[in-house]
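For reference, chains read A, B, C and D in written order, and residue numbers begin at 1 within each chain.
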Amino acid sequence: MSDMVHTPDEMMTIAASRALKNDDVCFVGIGAPSAACNVARLTHAPDITLIYESGTIGTAPDVLPLSIGDGELCDTAVTTVAVPEMFRYWLQGGRITIGFLGAAQLDRFGNINTTVIGDYANPKTRLPGGGGAPEIAGSSREIFITMKQSLRGMVEKIDFFTSFGHGEGGDHRQRLGIETQGPTLLITDLAIWRPDPETKEFTVVSIHPGVTREDVQATCGWTVKFADRIEETPPPTDLELKTLRDLKARTKAAHQGQPDPGKAA
Amino acid sequence: MSDMVHTPDEMMTIAASRALKNDDVCFVGIGAPSAACNVARLTHAPDITLIYESGTIGTAPDVLPLSIGDGELCDTAVTTVAVPEMFRYWLQGGRITIGFLGAAQLDRFGNINTTVIGDYANPKTRLPGGGGAPEIAGSSREIFITMKQSLRGMVEKIDFFTSFGHGEGGDHRQRLGIETQGPTLLITDLAIWRPDPETKEFTVVSIHPGVTREDVQATCGWTVKFADRIEETPPPTDLELKTLRDLKARTKAAHQGQPDPGKAA
Amino acid sequence: MAKFQPLADAVLENLNDGDVVAFEGFTHLIPHAAAHEAIRQGKKDLTIIRMTPDLIYDQLIGMGMVKRMIFSYAGNPGVGLLRRMRDAVENGWPQALELEEHSHAAMANAYEAGAAGLPCAVFRGYRGAELAKVNSNVRSVACPFTGEVLAAVPAVRPDVAFIHAQKADRKGNVLIEGILGVQKEAVLAATRSVVTVEEIVDDLNAHPNACLLPDWTVGTICLVPGGAHPSYAHGYYVRDNAYYIAWDKIASDREAFLSWMKENVLDATPEDFGGRVGKLRSAA
Amino acid sequence: MAKFQPLADAVLENLNDGDVVAFEGFTHLIPHAAAHEAIRQGKKDLTIIRMTPDLIYDQLIGMGMVKRMIFSYAGNPGVGLLRRMRDAVENGWPQALELEEHSHAAMANAYEAGAAGLPCAVFRGYRGAELAKVNSNVRSVACPFTGEVLAAVPAVRPDVAFIHAQKADRKGNVLIEGILGVQKEAVLAATRSVVTVEEIVDDLNAHPNACLLPDWTVGTICLVPGGAHPSYAHGYYVRDNAYYIAWDKIASDREAFLSWMKENVLDATPEDFGGRVGKLRSAA
């Protein structure tokens, strides 16, 4: 256990990194998933294969990319393929073990919205959209989701099904002919959740150090289901925390050490 | 006109080479088509783009390849793509102006058989099969055919429709929804043939020097149609003949100057 | 056969009001200079296509040039939303924007199908995804062997595609290296194409299997060093991440946006791009 | 994660009687050594797949190991017919051979679909071609946007694929350069794979967009210098065209064939391939 005080965000990223195995092949989204995947690579999973949808396969960036296509990803990749090949041979081909997604809105069954808040035709807020998520959710063997808890984000009913998790729960995936497992893990800044084997509702199985059940419920828009036996997430180790912070520091330096647009011209 | 005596085979290759333009993009078959395309490149069409189905685009071999994938093709190509891309982006994509085919059996409407002699299920002679021909015939803007005349080869009825020319003639291609022009030129060792604008039957429009109408009919299995006005094919020029012979000589030296299998082990 | 032209002439000859146009690039090699030239020429009623519309699409939309956008992820990657696009979708400013929205897999397959001369792309996708319900261009076919229902979307076939590449040779063969995106597909799928390049060289010295567009597949080539800025050109200059971060603020306000556009686009030229990447070259 | 093994062990562990197997190569990099090892091990009842079955398929068929062949062009390229295959098809010697015959476009698309995890490939093909009438695996789908009828064939999904490549690194990443054929697709489409290579190196020094199979996509790697002979390995040795020409005569007679096979295959080893390419190296 680390003597350093860690933030909930750091705990989230580190808990997510621990779920990844050395032989996983991860399709990595930007933000928390990218940090978690690279912390795993820099600690317990040195041979993990990280794939970004820009076509970089087996990449090992020294700093986190701001986008999914920074030059660093290609420079350090085993190979870089065109985007149609990425989606056909690599994702649809069933080669991804873990698809790592974030969410603007999430429901208890792991369905994700990153498209619109409000009505699709007349949105209150137009979000970026699904990008790779609809097929990442369908073709990866398992889906891990990571997001910070909030009443706005973890909702009873999402406004738009950008990507399908367990739908209405139970065997809904199988009924649609989807053969992959779907969301098997949710890591938030407060807890670790796994789907109930029967209902597929996300269930809290581990709570991060210093967090209470009440905290978890207070930042979740649905009535939280807790497992019979709940563990306490082991706090970040010194190595984990140092690795994450060093990575973030290198990233910050890299992203800010360049001219700004007002002066560049 | 050349003082050198040329063979009918040479006349065929050179007549075929003349039909190619500097801005053509040719999908090249092995044998006479390959020689004709390279003679064109080495004489009047230096910028012609030659594509072999092995994926080599814009190739300029110094010797004729024995196969469609000799190393020379790749060494001299502008680029080399994988075979699925070749058939999807380049042939099916409609980028080929001239598909150049040979034939084991040919009928008067430019339909080609390279699959079997006799019945498909119980063939008298099993030939190599179509390879790229079925889609070359469909996706190239025009098809040129080159073959030596013989009663065995130019037949009333081919045993198998490996690739579709003008079918039963007339608008048969359009009726099948094929938008490309199909066979527009047949060059044999005796004559040059073009399809009749209406019936699409191959019609002799030019006869090679020293060849008679009777020669053409004697080596063709259907009743030959001759155009109202028939030209005499200009004989090979010194440059054409020298170019072709030098190419063949370089090719022969290259293909024989290597160990034979009995001694190699 | 590729033609060599100044960028202004190439845009004038190739991009018309009402065209379906793709300024493609996947984080890498985004054709900013070409889009800025289109903005200076004030083209109208465009249908713009891109997997990842980002800053230049925000700019085209904010300048009122676009009636419809076909896309799969409209964000400022790693930073946030596209505020000019949001303003058009949410408030109709400066004009309403029609959206045809897909997933990345659908768009990538649709470009591939366009390059391959097919009318549609067939893939495994959209299962349980609600886009299939709001986009009538998401349909399906059944596999005639297994019965599996697969998704189908129309092929992308732009009137004109703009891309930025590292190099062309003097004949007009174009080389792209690094992150490739769907740029080769965009050019092969389009009726016309304009390629801006970092440099024109005697010999590309290309790997035999590199991503290369032969000269006869390319319409026009324009020499515009720095023309991908603030995105990057692998081997030439790095991504100007600070610019992307700063864009969020510029685009958040209509007046700030318009005055930035006047200063940095309307009153600028393609030649300005070279200077913008000066400090970014050393890190490449 | 790729495993490094002697070829005999790799064939023993990966190829079973009754398997659907592809020994792929498109003129370049044909896995002769792997096929010869399969012949020495006397596998039976194989279904063999290949776009361009040539000498090794003639040999597998002539040795009575094959019940079915899926292919698109069965010839000795530039030389003529495959005489052992003809004998099987025309005379049932040494046993009957079932054929599933396609066009190149169909096979290339079927490999692509196999690598892409699809049940079938969709393309524009077979129009007016009689193969569509004699092969029940040529079907069609209608484009749901234009109504155009497109051809469909089942994806190729071999139990095991054998290919030959130039290099692997010590981790097991495999590099292929030059004429690429459908080898990458064959490995990605197959359940198991064996790759013979010319050499194993510390660093592939690969171009970022080269054709590369990451170690975790490859089953087994075997070091077999010369293993593509009489085909060639770009950068290592040239094609032994004289061998292809000579094969025509060897294969024309059953006894000549069998005695050649005994001497050159049954009584030989993978290590013999290195010697066979000795004189061909200098020309590469």
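Everything below uses one rule, namely that contacts are C-beta pairs under 8 Å (C-beta built on N, C-alpha and C of every residue); 3 or more make two chains touch, one makes a residue touch a chain.
These numbers come from a predicted model, not from an experiment.
Of all the chains, the one whose CA centre sits at the greatest distance from that of chain A is B. If each chain is reduced to the centroid of its CA atoms, chain B and chain D end up 27 Å from each other. Spacing of chain C relative to chain D, judged by their CA centroids, is 39 angstrom. Distance between chain centres (mean CA atoms), chain A to chain B: 57 Å.
In chain C, the residues that touch at least two other chains are 112, 116-118, 123-124, 148, 178, 180, 185, 208-211.
Counting partner chains per residue, chain B has residues 74, 80-82, 88, 92, 139 touching two or more of them. The set of touching chain pairs reads A-C, A-D, B-C, B-D, C-D, using the touch definition from the header. Only residues 23, 25, 49, 57-58, 74-75, 77-82, 88-89, 92-95, 139 of chain B touch chain C when the two sit together in their complex.
Residues 26-28, 51-52, 71-75, 77-79, 81-82, 85-86, 89-90, 101, 103-105, 108-109, 111-112, 123-131, 134, 148-149, 178-182, 184-185, 211, 229-230, 232, 234, 238-247, 250, 263-264, 268, 272, 275-276, 279-280, 283-284 of chain C are the ones touching chain A in the complex.
For chain A in complex with chain C, the touching residues are 30-31, 53-56, 65-71, 73-74, 80-84, 86-88, 91-92, 115, 120-121, 123-135, 137-139, 160-164, 167, 172-173, 176-178, 254-256, 258-262, 264-265. Residues 116-120, 122-124, 137, 139-146, 148, 150, 152, 154, 177-178, 180, 207-211, 234 of chain D touch chain C in their complex. Here chain D touches chain A in the complex through residues 1, 112, 115-118, 173, 185, 188, 206, 208-210, 212, 214, 216-217, going by the rule given at the top.
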